[in-house]
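Multiple structures are listed underneath, in structure tokens.
Two complexes are shown next, each including chain A; its partner changes from chain B in the first to chain C in the second.
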Partner chain A sequence: MTADPVVDDLDSSRAEVLDSFFLPQLTAPELGGLTWVTRRVDGGGGAVLLRSPVLTPDVVELVCDRLLAAQAAVLADRPVMDIAEVVGRAVARWYDPDHPGRRLAERLLPQITGYAPDMVRRGLKDHLKTFRADRLLRFLAADFDNPLVLDGFQPNRAGGRSRAFGPRLTTQVFAGNVPGLPAWNIICALLVKSATLGKSASGEPLFPVLLARSLAEEDPDLGRCLAVAPWPGGAADVEAAAFARSDAVTVTGGQAAVQSVTARVPTGVPVIAYGHKVSFAVVGREALALNRYPDTARRVARDVSQYDQQGCLSPHVVFVERDGGVDPQTFSAALAGEMARFEVTRPRARLGLADSAAIEQVRAQYEFRSYDDAAGVALFASDGTTAWTVVHEERPAAFTLSPLNRVVRVHPVSDVAELEPLLAPVRRYLQTAGVACAPERLTGWAEVLGRCGVDRICAVGQMPDPAAGWHHDGRGSLAALVRWVDIEGAAELTMESYDPEWTRPGAASGTRNGREGL
Partner chain B sequence: MTADPGAAATGLLRDELDLRLQALIERAPEPGGPDARAQDAEFGRLALELFAFQYEHNVSYRRFCRVRGAEPGRLGDWTQIPPVPLTAFKELPLAVQPPAEAAAVFLTSGSTDPARRGRNHHPHLHLYDASLRANFAASFLPDLDRIRLLVLNPPPATQPHSSIAYFFGRLVDFFGAPGSDFFVDDHGVQVSALTAALREAETAQVPVALLGTSFAYVHVLDALAQEGLAFQLPEGSRLLDTGGFKGRSREVSPEGLRAAFGERLGIPDARCTNYYGMTEISTQYYESGLGGAGPRPKTVPPWARVRIVDPVTRLPVPDGQPGLVVHYDLANRGSCLAVLSEDTGYLVPDGDPTSAGPRPFVLLGRASGSEARGCSIAVDEFLTAVRGAHR
Partner chain C sequence: MNAPAASELPDGVSGLGRSDLLAGRVAVVTGASRGIGAAIARALGAHGAAVAVNYLRNADRARQVVRDIQQLGGRAESFAADVTDAAAVADMVAAVAERFGPVDVVVNNALHSYTFDPLSRRTAWDIPWADYSAQFTGSVGGAYTVCQAAIPGMRARGNGRIITIVSDLIERPGVPYHDYTTAKAAVVGFSRNLAADLGPFGITVNCIAPGLVPGTDSSAVATDEQRDDLESATPLRRLTTPADVAGAVLFFASRWSDHVTGACLFVDGGLVMR
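This part shows the complex of A and B:
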């Protein structure tokens, strides 16, 4: 994926130029006074020219101030259920195949990212289902016993009352590896009544802008609380201006991005970091029954292939139990067959030199190991291309990461407990475990996997689609953003002693505390 | 390894083919000269003969070739010899003789995975020596027989499995004038000894040649900057460096490094040469000619060829297009003459497509695999993090 910045690109006359920003806070004359850049983005599907203003610290200050003003005026006191309903309606617009934003996304995202059009179409649809009005209630329910704590003080279990205040403004650094991902960040912030200043990713800068536009179309007030624009990653002066005006910062990205942002956010401003994560699948012997294993293989193939394994939800490794209806190597072969089928309808993005070379290196390594029959290694790989690779390896030395782009290792195991030593070195990075096993074993497996560091357990075939309300990377997506204010129970009682009835001249004088006052 | 590993292994594989290979190497390189076409033909003949030998004696390589339908006698020319990926040197015993009989085994530094290091077996080092000797004389020291060599690397005896240490050691043997020495030990660069040697050369007006890895030079330059020292080495002094900064804490551009060489050592840009070598092959490539602006191409000597290929199809890419560097090195007798590197580069476009002889190439860097994107993880970054956690 390349993004070569060009100003006044000569090709502009031939390709359409799209606005890759959403800044309703700025008037047309204000925007007109800024410097503009046109970037050519080409993920291998054809170039798209994206136009955006260059954000300077002054402009960011102005945008932040107006975001804060809008948040105070139209969001801070808006009932949470009202917000959920509006967001739900805006998202529902995208269910219409003719919705202009959706059509634009379906046409341009494959060009920008190189992902297969069918994969983007299906992926976006599945992803946006997560934010249907009814599912938004699950986000709220997952993190709050009583979501009305976002509107006012509500009784708490400690005998007092609590209210959850979201940030007034959250600066959010979006990821670009998987289209649609920023919806999670934008919507979670809105649900806790926070305005968002979003930094779009160079790899996929378009979707958050389109989503913000549909939210604004549904409710212009909400739109005024959103700003999305690109700026160079780590631009210290721009980000300093943004961080100084934010109550919270979220960053989704690699280690370097997370560390860089975390180091520069002022003390006291929480940073919610969604850093590097690794996922895997575990296939139990029940899912290897003769009447089940082809379907299991198809599901795992989808988990591996969706978004070319670029997401943190994508499995790097599949552990397969021995003693099923088919042996693990037969399953590896079946998985390879299903990977090949997926490739036919949703071909993998074209790769650059380095990514292709990385896959070839892994293939060569395992080809050589397979020369030794005792090594227990078999290699299944697409012929003449790097489209997909399945490495069957009986005795892995360690949990080894995939070079991505549809390369997966399969390791046989006799029991899920065998995973513990393999997962121990990577526990800080573990995220999703896709599983397939008999129902009575699910809890036991979840105990083991949870202990190993996993924070999401789902069925194989559903790894790319986390359910609404998932504790993203082990934290509440909303809870991580809010600041609690507690009114202590004893305070409520003590305040009784200041009831004007008792403090009027001539009131009963023996009252020393609220309890007696009652 | 003994003091003279070449001599110690005399007898092993010193057959007629070996002598012809050595003769080709020792013939004075005349790239583009009148006999370039004849040299091309001889290179092709010898390459196919060496391939047949390696196919026969290297069991792992034979299996690799059979999978690809490549057998001696069925190949039309040397470009059809299947290059082995670097990982083969880690995974397989890739030797034409029992590894125990090798005169030298050079190990890769293991910069990406210390657990698995590549091994290149050399039944003898006659061809290795002939290659380094011919190349150094032609590319770095055409004007002198000997020069005082100041080596910023440990002496070879302390690193018997390092091809770089062997290389620098042999250069001292063949080309070192009195006063040549090694300035790195277990404790790092011996800065005070080195500065004394530089001072002496400066005072006595004796030209010197510094040899070392880019990384060692950075250390030295830092130390000199810290001490506020700068030298004006006498006319004819020169400098050879190699390598990049894989996995190191600091990166310096080649231009930045050369500027610093001028500033701290008084060695002009034109006298600073970078070479590219790998443990898995037996030939080095030196930067050609005087550098102008932009990247400096590397020259390929007559006993080697470099092709630039697509990583997937393994077919050559057009001149000027980046691809993976494939080496065909006739000095690499003990393992495989054709090696697919993990480095990227491009062939310098040539106005005349029919011209004969090896073509220069520009080295771009290492194809290090997937970049970190979004919340997914890049392998290298992850390995670094995991290692950090267990340190």
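This part shows the complex of A and C:
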């Protein structure tokens, strides 16, 4: 979370209070009978009051039963292309700058998260572009040779036919570190015809609710298959009720959340966990040419600074090749300049004590070493604040994780192969590698990086914006949700021997004889 | 907590600091209820000047600027006046003199209402003369009217600073806003002629030409792409802030620019170099 949000119970009737839940399964009298709580959420951008009902296991059971009924009635047999089209139309509402949901999100998400308004505004727009109707087809194509397997049995390569069944209901624990991220969870589930019970994150509970409302406005039937509400993380009784009725559980978040959820999901229910991940960038000498390096620095600065480095897509470290037009330390200085400029237009969120102290500690550690010329360390840091930090370190002992909030290390390398030993200790956490190099070297780099554990390779400057249909954390986003049902080819052939023509008593020969008799 | 963001520093002027650099000076800033004008007023106040915060309609926001300056221990007051209305301006200058003493510094910042929309601007082949005329009246006419009211006092005391905000579009019309930019270019000519005539009386006359300042009401419709393109074309790699402009105003308003007149200083991160 950026700037640990202040969350407390509050009895306030003066300020504007917003509903932070989407529960069309419950009637007004049912909702009225629940206990309600109003939370004050302030990520440093100004307080917002959010109202929601307190979910008890009984209520969750009721909501799940109705989600399951709605899924069976309106989603299970709906053609997948029809769903994609409706989702595309609902998301398209957000492309209008005057769309009420978008305006609300642009106004309130910066307050709730502390992220700079301009960063949220442009980040949301870039993110939602991924879900244009045509791009939803890419999600389907990425995971299914023939997406119609979601509608019925289709021929498979093994000589039989297969159909992919999504979960009837998926409980989804959303992340709150990057605004808009739950759109991906909700939409993936819908594409495989699963209803969603979504647990919103305390750090950013609003966006999934606004998106669910848009989907419901576009198609009330789809809306009935979605429920989003907050409940306290790890609330065992509530989650037990939800997990018991779900065919799958997804959890996006930190290590603790992932472990807690995974441990409690009943055996046989798949858990798709998107946990703690680490990304980095590699800048080749071609991108350090005198006519390229300022732009390269600008792109890397954006990758580091966007959402204050909170996303799993944000680089912790930048490896810079030697022998370019400018040397790696000059690149570090240019990167520092760009980080400073990003701070002017899109200031980092205010931090709590612990986060600030973590940055101060890193700085102190490197500042001492920078006094020794032989150490090969240079520290570039914002003056008087912890807003941004670039540590240039010639000879790193290991791949060191950033304390986040715009702290990045730059390590010179002579060849990309040098990365292998450095990345080995973190291989199971690696995710995105942003790269900048000559086209003929891209494949070779990708081989090395893939071997190291990376699952996504993109251009520097595009690290926060994964392409539609990417294999999130190395898995098929939709494939991870479905259960395959195969009709074996041999079964089809064998069924021929039970053809009624051969098996109905007296039918076949009798008819033929009779016809011949005429 | 770590140190607050620059825009929230207690000096209220985005890191421009505080001093008594302009102590005893009386400044009039036109169009000072918002955007660049408000930043200029706060900066002048933070450096010791008594500030007349002129506005046309935004009384509430002008009063907020006054409160901001007063919270820094500075002196300020808001004054409504349409800068193209000679009588109203004369009344304002008299009222300022009554409240704080004679005016030493004039900052012509007020802008004739204009929307910078690159997608719906008038083209060379369809812009009517009336549009140019309106901009001349607002830009040259506004500066003229305020200067006419302030010059007699400045000349009498042998001292004065006239600073006019123009635009770097006059040298690099990246988007050709014909009427606006032509009028701003005319303001530079107007200022240089004043500089020549008023130099003997110890009055300096200078212009400041900012680049695109995002976040102000006037620039609200500039597109994200336009901003990105400008940023990458700019040597200092970012767009202009109100504080950048206010810093240049402090220079021209202070004794640090005693021997500079007739200049036009481009404050646009090096986009225009001259």
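Methods note: the second predicted complex is superposed on the first by the 492 of 518 C-alpha atoms of A that agree within 3 Å, B and C clash if a C-alpha of one lies under 4 Å from a C-alpha of the other, contacts with A are read in each partner's own complex, and residues count from 1 in each chain.
The rule we apply is simple: a residue touches a chain if its C-beta (ideal position, glycine included) is under 8 Å from a C-beta of that chain, and two chains touch if they have at least 3 such contacts.
Just so it is clear, the structure is predicted and the values come from calculations on it, not from any experiment.
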{"item": "Overlay on chain A: chain C relative to chain B, clash or fit", "value": "fit"}
{"item": "Which of chain B and chain C A:122 touches, first, second, both or neither", "value": "second"}
{"item": "Touched partner set for A:335, first chain B, second chain C, both or neither", "value": "neither"}
{"item": "Touched chain A residues, chain B compared with chain C", "value": "B"}
{"item": "Chain B versus chain C as contact partner of A:403, first or second or both or neither", "value": "first"}
{"item": "Partner chain(s) touched by A:178 [first = chain B, second = chain C, both, neither]", "value": "first"}
{"item": "Centroid geometry (CA): angle chain B/chain A/chain C, rounded to a multiple of 10 degrees", "value": "80"}
{"item": "Partner chain(s) touched by A:385 [first = chain B, second = chain C, both, neither]", "value": "both"}
{"item": "Touching partner for A:356 - first (chain B), second (chain C), both, neither", "value": "both"}
{"item": "After superposition on chain A, the shortest CA separation from chain B to chain C (Å)", "value": "5"}
{"item": "Residues on chain A lying within both footprints (that of chain B and that of chain C)", "value": "353, 356, 384-386"}
{"item": "Interface residues, chain C side, partner chain A - complex", "value": "1-7, 214, 224, 231-232, 236-239, 241"}
{"item": "Touching residues (chain side chain A, partner chain C) in the complex", "value": "122, 294-295, 298, 337-338, 341, 343-345, 347-348, 350-353, 356, 359, 384-387"}
{"item": "Residues of chain A touching chain B in the complex", "value": "1, 175-178, 181, 201, 203, 252-256, 274-278, 309-312, 314, 353-358, 360-361, 364-365, 367-369, 371, 384-386, 397, 401, 403-405, 425-426, 428-429"}
{"item": "Chain B to chain A touching residues, read off their complex", "value": "60, 63-64, 67, 85-88, 90-92, 115, 310-313, 322-324, 342, 344, 367-379, 381-382, 385-386, 389-390"}
